[in-house]
Amino acid sequence: MTMEWVSGYGLQLIFGAVTTLSVALVALVVGTVLGISLGTAKIYGAKPLRYSAEAYTAVVRGVPDLIVIYLIYFGGTVALTKLTGEYVDINGFAAGVAALAFIFAAYAGDIFRGAIGQVPRGQTEAAHALGLSRRAAFFRIILPQAWRLALPGFGNLAIILIKQTSLISVIGLEELLRTSSVISGATRQPFLVYFVAAILYLIITSVVSWGFRNAGIRSNRGFA
Amino acid sequence: MSVRAMESGSSEGGTVVMSAVTKRFGSFAALKGIGLSVDRGEKIVICGPSGSGKSTLIRCINRIEKHDGGSIVVEGCLLDHRLTNIEKVRREVGMVFQSFNLFPHMTVLANCMLAPMLVRGLKAAEAEEVAISYLRRVRIADQAAKYPSQLSGGQQQRVAIARAMCMKPKIMLLDEPTSALDPEMVKEVLNTMIELAGDGMTMICVTHEMGFARQVADRVIFMDDGTIVEEGTPEQFFRQPKTQRARDFLSQVLH
Amino acid sequence: MLDFSIMADALPKLLKGAGMTGRLSILILLLGMMLAVPLAYARNAKSVWLHGPASIYILVIRGIPSLLQVFIVYYGLGQFGFVRNSVLWPIFRDPFWCVIIALGLNSAAYTAEIVAGALRQVPKGLVEAAQALGLSWLQTQRKVTIPLAVRAALPAYENEIILTIKATSLASTITLLDLTGAARLEVSNTFAPYEVFLTAGAIYFSITTSLSWLLRRLEVRLSADHRNEERSVKEFQPVLPGVPDH
């Protein structure tokens, strides 16, 4: 029993945790890029763009994450099947990353929008007065300062994202929760298995939130 | 036309030419038909009560503020919606703000190197050399590695002047550069500005520092209610203001 | 394109699911609030024996996915003989009550954080003034602290309500036919995911949007005295998502 845990199930859980982290990391990167675009569109965009960005956020905020995941997974399957003419089973990893990134972006967009809005106007003016292009002013002056203001909210979102990866288990991706369910079926010790999984999640989220707090302290240099 | 302007040989009518410039903020008319021509090398001090439109006026010169009507020509470039013209003008026009607006996430040195590298295309080493030389001139080179928040207000404003100078602008705009400073720091910044004026650069400065105006200005412009009410040499303006509004204003600032 | 007849067929079944979603949400929020208030007072207490356990509880709940919490209650507890033999077994065997317990305990942690923060926001000077007037601790709480804290907590609690409604969709993973569960069942019958999930999404969206509109109006009415400044602040600082997940 102990040997089994160390050699087999324990290792499986670790693999599950690695998958969880991979999904979260890829979704984080994609979602951040989307989120910055969304936030930028909401501030600087022309009216149609701005309204579409607002509508997007409102819809994602108003609908459970599971519905978004199902829509992308099953919807994607149907679309691809129609497109190619034969049954295509969509990749759970890809569907999961896409769904989580879309959800992440909706919230991250508002965090970035708020942070960009908090950077004093004089900063943009000074950048323009020095002759910097709009692009350079945004990427060199506004974004680095907004980033610092967005970091705490962004850290919260990253923790939430890690927990949300558990929802991907419903479409069959063998991440930490799904792996735990499989093992608890085999061992008939669901409480024990889920308890171990909970500790793994707790370790991951604690380390990540500690990391973000440290990053926050470091990014505050220059801001007495 | 001032003596210096004649020496520099400009005959095309001025480095900044504004005619019939208007600007509204909603229902408030900030500028009501401004006409102003500034010669190369001229030092102009703009004063007037708050809300008179003086800041708006100089912010229009590098299009930090968009004017609604009339025309502004800077260094032969018509300022309109065209981005290329705006960028051209901004390369030649430096600006110092009331609230410094140093970039808080960059060191003093990086603040000064940024625009020469990005806009003028200087290499890091060249930009650093330029930055250090101007920081030395404003006597703050020893603080180059610090962040703006570690400096006093007066030091920050001197850095801001150095940062603008690093672009070697032909025209310098100063928007109330001393009014956000504690009284004991005003002097160090004024001295830096006086030195700057000695370089022969065109300067347009919004300020209530009448001592500075007397010592440096070729022309004093008095604004009220979005218009230029009166202009003249400091001598004329301080000795015999022509309008009652100017007299009222002077009695308040000079007390 | 979309087949509207499928949507029309699905609608009554989905609405029935929405009823289940509503019942779950109300019971979860009630349980959460009941536990959150003592938890919040414990969190703010000076004694380590009070704020220590409360802080750890909140930290643990917030550190693990709520779906895992649902699984622990529904699948996990049944592993123990003493649970299966206890009088409570009918409750722990029933997915409906398991979801309410799991998500209620979860909501309690988030709500406690909101309440504790709101209690801390009440200016110390006001409490001291009340005590100087001779009010007892309980009277001070009732007349000064709680009314002020309720106002401070409202915006965040509105968010919590919306999040709880969305979180009830997890019930579908343990066989309950809430709105999401009903949608899944309907998809497996029709294999028309777009039509069914979009309809379900639209129902969720109308519930959450109209509810948050109503709550916003309630909030404005409750804080009528200083609402102008609050509104203007809100406009310039878009509401950040506190805790969008459960």
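Lettered A, B and C in written order, each chain numbered from 1.
One rule holds in what follows: contacts are C-beta pairs under 8 Å (C-beta built on N, C-alpha and C of every residue); 3 or more make two chains touch, one makes a residue touch a chain.
Keep in mind that this is a model prediction, so the values were computed, not measured.
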{"item": "Topology of the chain contact graph, where touching chains are joined (line, ring, star, complete, other)", "value": "line"}
{"item": "Chain ID, smallest distance between chain and overall C-alpha centroids", "value": "A"}
{"item": "Maximum inter-chain contact count - chain pair", "value": "A-C"}
{"item": "Farthest chain (mean CA position) relative to chain C", "value": "B"}
{"item": "Averaged-CA centre spacing for the pair chain C and chain B, given as whole angstrom", "value": "56"}
{"item": "Separation of chain A from chain B, taking each centre as the mean of its C-alpha atoms, in whole Å", "value": "46"}
{"item": "Intercentroid distance (Cα basis), chain C paired with chain A, Å", "value": "22"}
{"item": "Complex contacts: residues of chain B adjacent to chain A", "value": "59, 62-64, 87, 90-91, 93-95, 97, 99, 101-107, 114-115, 118-119, 147-150, 163-164, 167, 173"}
{"item": "Residues on chain A engaged by chain C in the complex (per definition of touch)", "value": "58-59, 61-68, 70-71, 74-75, 77-78, 103, 107, 110-111, 113-114, 117-118, 153, 156-157, 159-160, 163-167, 169-170, 177, 180-181, 184, 188-192, 194-195, 197-198, 201-202, 205-206"}
{"item": "Chain B-facing residues of chain A, complex", "value": "120, 122-123, 125-133, 136, 140-141, 144-145, 148, 221-224"}
{"item": "Chain C residues touching chain A - in the complex, by the definition given at the top", "value": "60, 62-68, 71-72, 75-80, 162, 166-170, 172-173, 180, 183-184, 187, 191-194, 197-198, 200-201, 204-205, 208-209, 236-245"}
